[in-house]
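Shared between the two complexes below is chain A, which pairs with chain B and chain C, respectively.
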Partner chain A sequence: MKIVRDLLDRVEPLFREGGRFRLFRPIYAAGAAILLSPLDRTRAAPHVRDPLDVKRYMSLVIIALLPCMAASVYFFGLRVLAMVLVSYAAGGAVEVLFAIVRKDDVNEGFLVTGLLFPLVLPPSTPFWMVAVGVVFGVLVGKELFGGTGRNLFNPALVGRVFLALAYPRAMSSSWGIPGSGLFGHVTQFSVDAVSGATPLAAAKSGGLVPLWDLFFGSVSGSAGETSAAAVLLGGAFLLLVGVASWRTVAATLGAFAVMTFALHGGSPMMTLWHLLAGGILFGAFFMATDPVSSPLTKAGRWSYGIIIGVAAALIRNLTGYVEGVMFAILLGNVFAPILDEIFVTARVRRLREEG
Partner chain B sequence: MRGGYNVPVAGAPLPEIRELPAPDRLYLPLASRRLDFGDVRVEEGQRVARGEVLAVDPEHFSIPLLAPYGGIVRLSEVEGHIVLDELDTTAGDRAAAGSTGAVAERLLALGAWQYLSDARTGDAADPAGRPSATIVSTLRLEPFLAGGEAQLDGALERLARGLEHVRGMAPEAPLYVVVPNADAPLAAELRKAVSACSGAHVVSVPMRFPFDDPALLARYLKLPAGPDTTVWAIPVEGVLAVEAALTDGRPCTERIVSFAGPAVTEPTHFRLVPGHPVADILAERLCREPARVINGGLLTGVVLSPEQRGVDSECTGLTVVGEPTRQTLLAFARPGISRRSYNRSFVGTLRTDMSMRYRAGLSGEVRPCIACGQCADVCPAGILPQVIHRHLYADRLEEAQRTRVDLCVGCGLCSFVCPSKIDLRTELLDAKRVLREEEEALRAEAEAEAARAAEAKAAEAEETQAGEVTV
Partner chain C sequence: MARADKQACATCGKGVCDGKGVVTFKDGVWHINPVAVQVLGICSALAVTNRLENSLVMGAALIFVTVGSNLFVSLLRNITPRRIRMIAEVAIIATFVIVFDQVLKAYYWEMSKQLGPYVGLIITNCIVMGRAEAFALSNRPMVSMVDGLANGLGYAAVLAIIGFFRELIGTGGLFGHQLLSEAWYTPNQLAVLAPGAFIALGFLIAIFNAISGANREEGSQR
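Here is the complex of A and B:
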């Protein structure tokens, strides 16, 4: 502790006004804030504050993503970790740049975006493409809206959609073959990219991957979302600690299940199959629950989840796309402000009636 | 009732009440939370008797500051205080002034009126006014103010008599007595005592902060609101003060004050009089660390000014909390075995009976709102602090008004739970104050306009009359 404090005190003058690296002060501030808890005092009542801060809030999401990370390394090799590093480096550069220009702090929210993004990409995505996608996502999806807390869309999904539209072939037709056995692909860097089909694409042409494979995750697909077991484990953690809104998750998965059940002639088996396939679980637990791009009210979150669930099922089953979770969540993001307007107004009316 | 939260903070006072050694001198502050005793009624060197008026607050119906003991007045010794020297602590010499006259006048003269407030605004109640209802709360839930249990200290009989007096003050207004819906024996006794009082409605409320707030209770009970109706709120010690004044004609000078908080070695309650030297209370009773003394509770109190030498006449508690002094390496990534949060993000959550040694720090960095919604979850008023924050951030005061910032009761829970460490309480209360001032200015303007119009009309009428005469 003392050593860290001394080290920080030693380098601090370099970042001060007049110091050699004064422009990069946000980097110092972010590093210091992450390493050592702040001593900032409360200025007014309430004199004490809850120990939860944004750093911990975000780090809990990262902890919840660890099972998915582990599963993706197991199935698709260490290359996934390299993708995460590329994503952090490129996206982090944009974040720091904007912090410098705004003379503001680097926000911790980026640590989540930077991790979520590579996990929704095919495991064989070229590194430069990871970089381009995350830069676009952070820049257009977040910074242009005014930075953390003001973005309309989930930045990771903005980057993902950009890549899907700009490089459709790389994003939809080249998937890795998942590893198996005790060590899976943990011992190798990358897996052979083949022009194969994901379970959802195969299902469109009539072939159904066994349920167990979907649950375990030994199927082709985006790096972090193939293993339903890992997503459920991390997702349960998020709900348990109260970071993700259980209403959003329940509404999304519930509406999706009901819609799929209806579209598949009332087959519970197919409903379960669709819940475990593709990115619906990952999207519901980790993407739709992003508080900033969700509605603010509880009723709004129920409606938002229903819109996402229904849209995801419709796109998946009735359009030319094999997967629709990404678009469905962005659609939900579009609806969030109007849902807020509706439910905030309703709340205000109820308050008036209460007197 | 909705929202609310009991902060699991260590340092709660024991219910027992201790006496302090009698002080040599009293330092009576001329200002307290609501009151400002600007009109001093005594002279330097004057000998006063117990219960004599030292000063009054001209802005608030001349609510008096009474001499808690007999003594010699020193006016210029300490800035902002009346010092009483050569104290005569023997009770008995009572003020003659309060024994006659109308009930409100007697209560004013005997120092009991200061406990009556307008439930919705928190302002002092108007002695000339008539309430549409009266709320008596036996709860005080903010950590660690002296609540009903300590204030009553077994005086249930006096409470019952006091309630009869309060009822008599506004016979046609319904009287609501708020009691805890706990299983504790005291709660049961309290319910029994209150039920015995004819015409009092018992209202059971969960022991969750801030369900004792008069404005919330008035809303919860659906009491009429409007510019011409007021609801009186009286805390339990106020009822006892009314009882003392009207039954015995005794002035109300003693107070039960909590002295507690994470940085106090033996949190307890003291029976003392206003003006008791703060230094005497603090001496030998604090942990050895930089600490902040708060006049009031942890969530809504104000930092005790170093200039304030004595306990003021509205004080219900002094709370002491340590300042943040130690930085922890990677604190945010630790399991947090000894930490609890409003959501469940620390391992300490599993230890439901654990209380935490909070410090007076933000415990995090100020960040933009991430819309987690915890403030709205915890808000007892049912408003959406995060929505109002967005409006205020964009300078849309009228939108903040539309989303009912006026309903904020200032409990501070939104600021407390905010992971982005946004000072929501200050923002909301500032906006509420500005809007209230605007409204008052508008009303004053409208009244002036109406008066001008009436004058003009009268003049016109006179003129026409005059004209008629000439014709």
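Here is the complex of A and C:
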């Protein structure tokens, strides 16, 4: 620790006002913040006893994503790791550029966006496409709205939708075949990309993948979403530490289940199958619960989840699209601020009437 | 329209702009550019700009209509009863639009089909009506024509820029010719879809405002 502190102290003057690298102060600040806890503390009361800040918050999400990471490397090979690196490098560059222009700090929020983004892409996505997508997501989805905390939409999903609309062929027709056995595809770099079908696409033409494969994850699909077991593990962790709102998750999955149940003539098997297939679990736990783009009020979270769940089920079952979770969550994001507004106003009015 | 009116007159003096053709011209193309500053005529700017060729023809159509309608609205300004001036303006505008539409249909049928209803819809384009109301109605014929030309050019330039980028990014070519090799360039199909038009226009307006300083919010840093 001491060595790190000394090193940071030694280079610090270079980044100060008048120093040689003063323009790049955000990079120094970000490095220092990741390595050590910040030195400036609040001196005057009131002190909040909970040490949960943005950095801790985002670190917990990254820990929760580790099972999904591990599963996707197991099934699709080391290429997924390279996609994560590309995503961090390209998106991080945009982030740093904006921090320099704004003379502001690089925000930890990007660490989550940069990891979530490659996990919702097909594992055979070309690297340049990963870079284009994450740059668009961070630039248009976040920075143009004013940076972390002010974005209306989930930046990772903005990038994902951008790629889906811009390069529909690469984004929907070539899927990697999952590995199997003790080491899966861990030992190989490239993905066995084929013009195959995901379980959901196969289901549209009548073929159902066994439930166990969906749960374990040995099916084709986006890199991080195939293994329901890994998503549930990470998701349970997020709920336990209180980072993800259980209300949002419960409302999303509940509404999705009810809607699917109704659309499939009341078949519990099909409901379970659809819950495990595609991106609904991953979306519900990791995307819908994004603290910035989801509502803050309890009632708002319930309604927001219901909107997402119902929309996802409707798009998946009744339209030409195979999967609708990303559209559903972005739709939910649109309603998030207005839902908060409605419920806060209603509560204020009720309190005022009571006296 | 009230705002454009005020801005126009703030730059060219006390209400009347006679003899200040250059000021009028610069205003129309740059300072109060109808699309980039006033954000008018957006419907057609979004709809036809998926190809550069369409954008250019649409721009030409608007230049023709604004010049013609501004000239005639100005010529008739002293004998037009105030209470029916809107109807008179629309009749004049519609005449020019129909002329252009018929010529297009007669000689460039393919292009006419591509543009669909958007040439006819110029009748309801806010830019044309706005210039007639805000400028031609209170200025002499020649300077009104300059105003029409400038605003038409301002609109056409924005459409051409958006059309250029949308076609190039969306198909990898221009005027239907492939410029960027498929070997290393994958066309970004979002650019030719409707959302691509919104994004392109948004970026263009942002860049334009950053350069020209128009629409700057009060109390902003620069």
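Note that the second predicted complex is superposed on the first by the 350 of 355 C-alpha atoms of A that agree within 3 Å, B and C clash if a C-alpha of one lies under 4 Å from a C-alpha of the other, contacts with A are read in each partner's own complex, and residues count from 1 in each chain.
In this text, a contact is a pair of C-beta atoms (placed from the backbone, for glycine too) under 8 Å apart; a residue touches a chain by one contact, two chains touch by 3 or more.
Everything numeric in this text was worked out from a predicted model, so none of it was measured.
**Student:** Quick one: on chain A, after the overlay, do chain B and chain C clash, or do they fit? Just give me the call.
**Tutor:** fit
**Student:** Name the chain, either chain B or chain C, that contacts more residues of chain A.
**Tutor:** B
**Student:** When the two structures are overlaid on chain A, which partner does A:Val140 contact: first (chain B), second (chain C), both, or neither?
**Tutor:** After superposition on chain A, A:Val140 lies in contact with chain C alone.
**Student:** Determine how wide the angle is at the CA centre of chain A between the CA centres of chain C and chain B, giving a multiple of 10 degrees.
**Tutor:** It works out to roughly 100 degrees.
**Student:** Based on the superposed arrangement, let me know which partner A:Tyr167 touches: chain B (first), chain C (second), both, or neither?
**Tutor:** The second partner, chain C, only.
**Student:** Please provide the least distance in Å between a C-alpha atom of chain B and a C-alpha atom of chain C in the combined superposition.
**Tutor:** 13
**Student:** Could you please specify the touching residues of chain A with respect to chain C in the complex?
**Tutor:** 129, 140, 162, 165-168, 170
**Student:** For chain A, which residues count as touching chain B in their complex?
**Tutor:** Its residues touching chain B are 1, 4-5, 33-57, 59-60, 105, 107-109, 147-150, 240-243, 245, 291-292, 294, 296-298, 340, 344, 347-348, 350-352, 354-355.
**Student:** Under the touch definition given earlier, write down the residues of chain C that touch chain A in their complex.
**Tutor:** Listed in rising order, the residues are 186, 188-191, 193, 195, 199.
**Student:** How about chain B: which of its residues touch chain A in the complex?
**Tutor:** Chain B residues touching chain A: 7, 9, 219, 222, 224-225, 292, 294, 296, 298-303, 319, 321, 323-325, 327-333, 336, 339-346, 356, 358-373, 376, 382-384, 386-387, 402-404, 407, 412-413, 415-421, 423, 425-426.
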